[in-house]
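Sharing a structure here in structure tokens format.
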Amino acid sequence: MIVGSTTSSDAVRLVTPTMLLLWLVLATVPLWIARIGLYPYLGIEILIWALYALAFNLVLGTAGLPSFGHGAYFGIGAYAFGLCQFDIVANLWICLAAAALAAGVAGAIVALFISHRRGIYYAFMTIAFGQIFWTLSIKSHRVTGGEDGLLKIRRLPADFGVVSFDLTDNVAFYYFVLAVFAVGIVVLWRLVHSPYGRVIAAIKQSEVRAAHLGYNVWLYKASVFTLSAALSGFAGGLFAMAQLAAFPDVMSLHQSGYVVMMTLVGGGLVSFWGPVIGVLLFLTARDVIGAFTNAWMLYFGLLFMAIVLFRPEGIAGAIAAAMQQHSLNALRRRGSSAMRLLFGGGR
Amino acid sequence: MSMIEAAGVHVRFGDRVVLESVDLAVAEGEFHGVMGPNGAGKTTFFNVLTGRVKPDRGSIRLGGEDVTGLSPHRIAAKGIARSFQIMTLFDEFSARDNVMMGLPAFRARGLDMIRAAAGDRSLLDQASGALAAVGLADKADVRAKDLSYGDRRALEIAVALAQAPRVLCLDEPTSGLGSDGVQRLATLVAQLKGKLTIVAIEHDMEFLFSLADRISVIHWGQVVARGTPQELQRNEWVRRSNLGKFA
Amino acid sequence: MFDLLPHLVNGLTLGLLFALIALGFMLIVGLMEQINLAHGSLFALGAYVAMQLTGPRPPLPADVAKVWLALPLGWRYAAALLVAPLVVSLVGMVIEVCMRRTYGKDPLYGLLLTFGAAMVIEELIRLVWGTRDYVLQVPSAVNGGFLFGDLIWSSYRFYAAGIAAGIIGLVWLLIEKTSFGATVKAGAHDSEIVRALGINLARLRLLVFVFGTMLAAVAGIIVAPIWGIRPHMGVDAVIPAFLVIVLGGVGSFWGAVVAGLLVGLCVGLAGAYASEWSLLSMYILLVAVVTFRARGLWGKKSVLEV
């Protein structure tokens, strides 16, 4: 949980039981995914988008800042990965760092303009900047390839000095992405539960109070946006590798909207895991429902509307509520049996 | 030397003069009450003291240092803490976490992104101490929004106290409290008296006249009367406006 | 200077169209403090419905259709201009009824709900009409071009700009000079005042929303012959609409109109010198203005900021 008490035992852990379970399940995916009619590439996509959505949720869920142009940073990361590979050096680590750096710089520039704002004006400004980056990516033919995209990006080998892994195969690449994802989860979990993360969560609840407690609200808002942009760009770099190309469409208003939808549907406002749940549902639904009908977005749109109306805390929120209800019922049952012991025993 | 000193503070919103050459000097350890009718400019004056509003003219000094026009977080870091008339808590956080945010030690490591916030015993102990001081020791884990009204008022003050301030500004601390709550608050403030410099806006005259060392009356953006509670009771303006009837 | 004239005229007519597109969006933001992201989709839907009504296969029983098709295009066009917004307003009603659950909550929920609605409407459009482009037939009286100062001017652009100016004027009269407008301004969002006046708030909000929806549909019909009809036209409309509102300042009628003209001029002139980048120019204009004037040109403080 993002909010609530710091004293819950998971908050101080580096790795929680939930993480271990999740990684374990994810590690088995290539073994069975083909048998249920899906394919390993979907797994890659889900992990990359989950990382992106988690990075995005740093801004939306943790900081409460409505950023509706986040696709820009994901896209910039993808382009930067490709351009670094073509023009600078074809080294995986350097190219991924370049992806994060480029998106982080873009995010920092935008943060300068928006960090004194909140609410709808914040949303508007992020949309405007998102559109600027999107237009630039489409129009800069010579750099980005325009609407055709930046093609022929390679999956560079993961070189650890002593060993080097070839990632061209989807299963190998899946495990690489999973490893990166696992590290990403640990980093983000740490970040959210660090003093920094708590200050961000406090600013979400009251900027005024936080300022009068001595926190430089502007600096925190600007830095969290920059961090989120950099991480989104990192995920974008992975996405460029997955797709073997970088396209402008991930930067469009629509795609930026999808990451908001996934995060909210999953329950990013109330849970750390919300974005992961949302991405899993969205991309699986796209493939499964999409196999039967072209209009799967129609159904997802309706589901999204229903969630906004009836379960604004998303799926993670609904699960948490159900679990609480369950434990409450268990408590009642235990309570009543205790009563029987106390009073029934005398009879 | 005064702990906090406002000199010739002048604030205008558009063409409306909200504060007009307001002076105030509060000595270290003094409890200074501020009263006056609604809309007199009391809260704006507080906002000037704590950096929310920049004065058009005049200056604010804290322990001799000029802090005029600094932003709220800088002024807070220099040692002015405030409570809010309209309660402003981190509603989703537990009482302990609310207080923890106020600790200077926590603020100092605000940019720490690696260690767990909950991992530091000394911070937790300090937070528990501030909660115990206002009688919330057994409610440390309750979310702020689930606390009773009176407890929330107490938490407001606990957060400000956790800041270990040099000057504590209380904006209508008894607002909305029942007589039990006011009594509890009076006991708390009486304990703080002398140890801390306190400026309090207050409507409850009984509370103010029994606790304050000196009181300033603000009306139409100006200080119209000032003195000890005894002096104020003799003051023509206060008598006429019937403000001192409880004393 | 004379070289620039066509671009200026082009920019001004485009600006009036932007203002028209933003009009319904602005009413809902200004009067209800709700962001209707479905505005663009309703705009597109208006164009599609009008196209279907005026086209060769109207959704009518065979006999009626025969009579209908025998009418001159001008009549059919005029009828579509009235009927299509009414059809679209039904969709608007459904959205407003759903939206009621979000009133009093963070305005983000309304924004998200309408984002979902936009997606649903756009998908429905794709289902019904496919992804191909359509053309909205317009009467020959406003079609074609004319020669002026050695240049050929499109008649339709002037007709469209004229209609836009007319509608903007009418809406202004309605808001400023009628008792309906007065009631609405008393606060479709400020429930206390309106309740105290004994006005049915639910109905008032529905009316405002439906009115905004119909304006979106009308804008769609007017703009369709210039932009063409395709599923994506909704997004192409909602972005300038929100841009115009932010630029003009939330809650300011003339702010939106002036902002619309500014954006139009900006795009028009940028088109003259760097046509590739003309779209970019409006975002840069927005960022430039909003960096220095936090609430746009004439914005008031709004609950949407917190």
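Per-chain numbering from 1; labels A, B and C assigned in written order.
What we mean here is this: a residue touches a chain if its C-beta (ideal position, glycine included) is under 8 Å from a C-beta of that chain, and two chains touch if they have at least 3 such contacts.
Bear in mind that the values here come from a model prediction, so they are computed numbers and not experimental data.
Across the assembly, the mean Cα position most removed from that of subunit C is the one of B. Innermost chain of the displayed assembly, by C-alpha centre distance to the whole-protein C-alpha centre, is A. Between the Cα centres of subunit A and subunit C there is a gap of 34 Å. Centroid to centroid, with C-alpha atoms defining each point, subunit B and subunit C lie 50 Å apart.
If you average the CA atoms of subunit A and of subunit B, the two centres end up 41 Å from each other. Those residues of subunit B whose C-beta lies close enough to touch subunit A in the complex are 50, 52, 71-74, 76-77, 81-82, 84, 88-94, 96-97, 100-102, 104, 106-107, 109-119, 124, 141, 143, 159, 163.
Residues of subunit A touching subunit C in their complex: 66, 113, 117-121, 123-125, 127-129, 131-132, 135-136, 139, 253-254, 257, 260-261, 264, 294-295, 297-298, 300-302, 304-305, 308-310, 312. On the side of subunit C, the complex with subunit A involves touching residues 35, 98, 101-102, 105, 107-109, 111-113, 115-117, 119-120, 122-124, 126-127, 235, 239, 242-243, 246, 250, 276-277, 279-280, 283-284, 286-287, 290-291, 294-295, 302, 304-306.
Within the complex formed with subunit B, the residues of subunit A that make contact are 3-8, 11-13, 190-191, 193-199, 201-202, 205-206, 208-217, 220, 223.
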